[in-house]
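The structures come next, written out as structure tokens.
Two complexes are shown next, each including chain A; its partner changes from chain B in the first to chain C in the second.
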Partner chain A sequence: MAGWESPAPQPRESLARQVVRHLRVWRQFVVMAFVREAEYRVNFFVNVFDGVAQLALAVATFLLIYQYTDEIAGWSRAEALMLVGIYRTVAGLIGLLIEANMMAIPGYIREGEMDFHLLRPVSSQFLVSLRRLRLDEAVNMAIGLGLAIYAGNQAGVRWSALGVLEAAAFMLCGVVLLYALWFATVTLSFWLVQVDTLDQLFFGLFETARYPVTFFKGAVRALLTFAVPVAFATTFPTQALLGQADRRLLPVGLGLAALGLLGTRAFWNHAVRHYGSASS
Partner chain B sequence: MSAARTLRVVWRLTAVNVMMTLEYRGAFLIYMFNTVADPTISLLVWLAVADQGVALPYDRAQFVTYYVMLSVTAMLTATWLGSYLAEAIRLGKLSPFLLRPAPYILGMVGNNLGEKIIKLPLLLPLVGLVAIFFRHDLRLPTDPRAWALYLLSLPLAATVAFLLDYVIGSLAFWVEDVNGLLRIRTLLGAFLAGQYVPLALFPGELSGLLAAQPFRYTLSFPLEILTGQLSGTALAAGFAWQAGYCIGLWALYRLLWRFGLRAYSAAGA
Partner chain C sequence: MAAIVATDLSKTYRFHRKAPGLRGSIASLFRRETLETRAVDGVSFAIEAGEVVGFLGPNGAGKTTTLKMLCGLLYPSGGAARVLGHTPARREAAYLRRIALVMGQKNMLWWDIPAMETLLLHKEMYGLAEAEFRRTTDELAEILEVGHLLRVQVRKLSLGERMKMELLAALVHHPEVLFLDEPTIGLDVVAQGRVRDFLHRLNREYGTTILLTSHYMDDIEQLCPRVLVIDRGWLEFDGALATLVERAAPHKIVSAVFAAPVPRAVARAALPGLDAGDAEELLKISLTAPREEVADVAERLLRLGRIVDLSVEEAPVEEIIRGIFRPAADPVVAGGGRS
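Here is the complex of A and B:
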């Protein structure tokens, strides 16, 4: 088979209806995730424990560093711990929504399951990106948020609706950008057989989000802001809550995120058109 | 089995693993990138702390030396056998190996050495780049004796780490699922081995405890030799601990396998 023909033209559907339809499908993903999680309850607790242990070690690392100083590049200990909480929240969000999916996609392509996903009457990118949820990560997310709020109070944050909204917007940009980066990498598996290990690269880079980008100088900081956009995921949201965010970066982030989504969509559609299926 | 024959078997198994591992060299290059990137990020953070002008147990040169050499040392002392061993025991994959005229552990040794032989040439250029980047602060020992001691403690560290994993994996003879235990060993072990923060920067009250726990001897101790922070007596004590853990864990492994193999056969596998 020489590649996938575009599906027969459907009657035009308004964008709003498409969104509603996809949301309805997504609700079904959530239901399925609960069913699956109920089957593997022990696994759930093991994963939560693992998340807590990792967070505890990240906090311990910062406590060790701040034994020696009250401030690093303008960040107090409470502020840095707040960022660790935000990091855990973002990591939880990525774990909850997309991680399991990104790791499954190369397998769909290698083993032919992709054919079934392409046949379904929803966006195939939507389907393969969001169909699996890891509910245990929601608990880790809540723990991260708890740490962020606790440390935020210690740092003397004056919580405001505007600040929270701004932080959430930055975080959204960060998550979308990280998703775009990861999804683009995974899309490569239409051509390359072994891209699973690129996940490791992604995890390695995401680790750097545990530190404020302002700890770093010059090229490293620029890299972590724009090339590997971890700054949008953790540093900028924390700064927004502290009332120190550079507001000009918000439209930059939104623009980059939109670009990321459109770019991955174009890349994915291009890849799917050239997909020859594992079974043909 | 005689020592010469054991060595010959390990040599053959290592050679086999080198050939098998060559298949994965692309994947390993990425792993090696992470192996270098993580310590470099930690180093940059500590240099940012040093820039605050506060007093630290390490000077800039020691931080650079520690974290640049950390990636090579961590790679050469790494283990990954725990979950494989546990699976082999749980699923009965061990059985065919029990008929072979060499202990099962030698296969794991061959796998460990074989992969490291492939990883080393992939890792060294990356470490070289980092070393060049920090060349102004990098201060490696000039005394060949320090390097000799480092090269002596390195295989000992790899042995302690290997046997620790082997002992924990062997618990699968009695315990259904040891993966949780292995996960704790990985997370806590890395932290207590100085993977993220050098042990010399932990609170002083903990120094006695830190010196006695086994993870120091899986990674931190060889690095401490290179940063030049150890006195003559501390060096001797460190080697004594390291050798002690090697012998103790070896004895424990022998004991566990003696009784474990009985439990294994009793299960009818």
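Here is the complex of A and C:
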């Protein structure tokens, strides 16, 4: 049988061009999110209100605790409030970029929409992880950041470019690690039909990030730092701004984040191969 | 040149069987019986560039499984698939840029925003140049008559309009091979016709190679000079639709309308085996005859009296196809494959 013995020669796309193409795809995700938000304006404001209410509740909890004491495990009231602000910022960032996607992935597999995502000439992990943005979360993020700055001033933070950069780097590590953990969890849905309970597990663990990791002791603290890396997301950035961070932890965090990304990539590719041999 | 080559292509699914009820469920946690189904079993064919080929078969025959192996979603358990010189299952970007898959029952368009945004997303994903993208979009939107709907939320479109948009979205990157799984399902007759006309034009003007599955024989009759018939994972037939019809339906329908009524007894005598009913006289006589006897039957009809109208027709294709699969309609076995 005569056929194309080998593919028609195509100029191989350089890595740089691939990155640019993916960035342009992401920009279109942002545009689509704006178009979508415009269609559901009421929903947008309801979600913003929900975020503000949650923040108020978290702040109230801390203020209540600190009525009876001035310091918990070395954290003053203002410092703890700052952490609440950072927590809100990170939660907003996760909500903005990845939360809706992680919730949607099991559905793609169940309903068969995954087939379309796998047939695009872009990374399928990139596609399913980032295609949906929740813009209302950006407002929550801004409010969280505002609280962190306000409380930081009260706690006597001397703002420096280096401190902010360091905090941002810790936060980035935390967000990447949380993404990796969550993404690995939803990747399991290629094998399991229901993973909604695993989402709840993730939310439960992330809740602990509202408290400084130093509130916890021994094994639990180690768990929250390395196994479930919420410490990188909130405690360490706050400490970095307060000038109390353990700098040695930054390269550890960056290394873990890189490992997390590579790990999820390998796991995802493995899962997609399984899908190809088992699904119909 | 063959654009699509399947060589001994096979796909085996493994699944577990458990006894019903709580006890069975608990037992299956520890020991499960693994069963295998051969959804596709050693299928071979080659499709030339520019061909439109219809894929026929009952539900669960292996059509969708084969289609998915060809576009790269499923790994073959055996044999090989080559499309445009690529191995589909590797899903290289260079390959994915050259094909498209449209499934009538699933949508790729974003539900709550206008279709134009999805088209722009495809423009970025496939790295299309602005001018090229505009030209293709305008051209396809004009042929499909959906230009005015590009800025309307997808969920507000009718089913037919949405299907046309799906096609448009699938084609902005000018795929050389188009895989279609039930593209006209659920559409009304007018919309089905429009989609068919469009596919026909796409093939003629762009030379797009099309492999489609459909339950509607009209789709197959009007679009596909060649058909592949698959049943229980086996390729039963590969060739021209006309040949399939000939082979599957050795009978034709011969009908005559007479100027003056013919007495029943006379007709019976001339045409033994005629089911003439109760009427004493017949104005119209219609009967099925084996192909080789059609001429003879027509001659006898002519001798019965002056004829106003005489026709010789094929049995309806839909009926023929149903006839092919009837012997295979063993529900237990046929249910093994999934589509």
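As a convention for this text, the second predicted complex is superposed on the first by the 264 of 280 C-alpha atoms of A that agree within 3 Å, B and C clash if a C-alpha of one lies under 4 Å from a C-alpha of the other, contacts with A are read in each partner's own complex, and residues count from 1 in each chain.
Definition applied: a contact is a pair of C-beta atoms (placed from the backbone, for glycine too) under 8 Å apart; a residue touches a chain by one contact, two chains touch by 3 or more.
Given the structure is predicted, the values throughout are model-derived calculations rather than measurements.
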| item | value |
| --- | --- |
| Which superposed partner A:71 touches (first chain B, second chain C, both, neither) | first |
| Which of chain B and chain C A:111 touches, first, second, both or neither | second |
| Between chain B and chain C, more extensive residue contact with chain A | C |
| First (chain B), second (chain C), both or neither touched by A:276 | second |
| Chain B versus chain C as contact partner of A:122, first or second or both or neither | second |
| Touching partner for A:25 - first (chain B), second (chain C), both, neither | second |
| Touched partner set for A:13, first chain B, second chain C, both or neither | second |
| Touching partner for A:36 - first (chain B), second (chain C), both, neither | second |
| First, second, both or neither for A:160, with chain B first and chain C second | neither |
| In the complex, chain C residues that touch chain A | 1-3, 5, 13-14, 39, 46, 64-65, 68, 71-75, 77, 82, 84-86, 89, 91, 93-97, 99-101, 103, 106, 108, 110, 112-114, 117, 120-121, 124-127, 153, 338-339 |
| Chain A to chain C touching residues, read off their complex | 1-8, 10, 13, 17, 21, 24-25, 27-29, 31-32, 35-36, 39-40, 111-113, 115-116, 118-122, 273, 276-280 |
| Touching residues (chain side chain B, partner chain A) in the complex | 26-27, 30-31, 33-34, 37-38, 41, 44-46, 48-49, 51-52, 54-56, 180, 183-184, 187-188, 191, 196-197, 201-203 |
| Of all residues in chain A, those that touch chain B in their complex | 46, 49-50, 53-54, 57, 60-61, 64-65, 67-69, 71-73, 194, 196-198, 200-201, 203-205, 207-208, 211, 215-216, 220 |
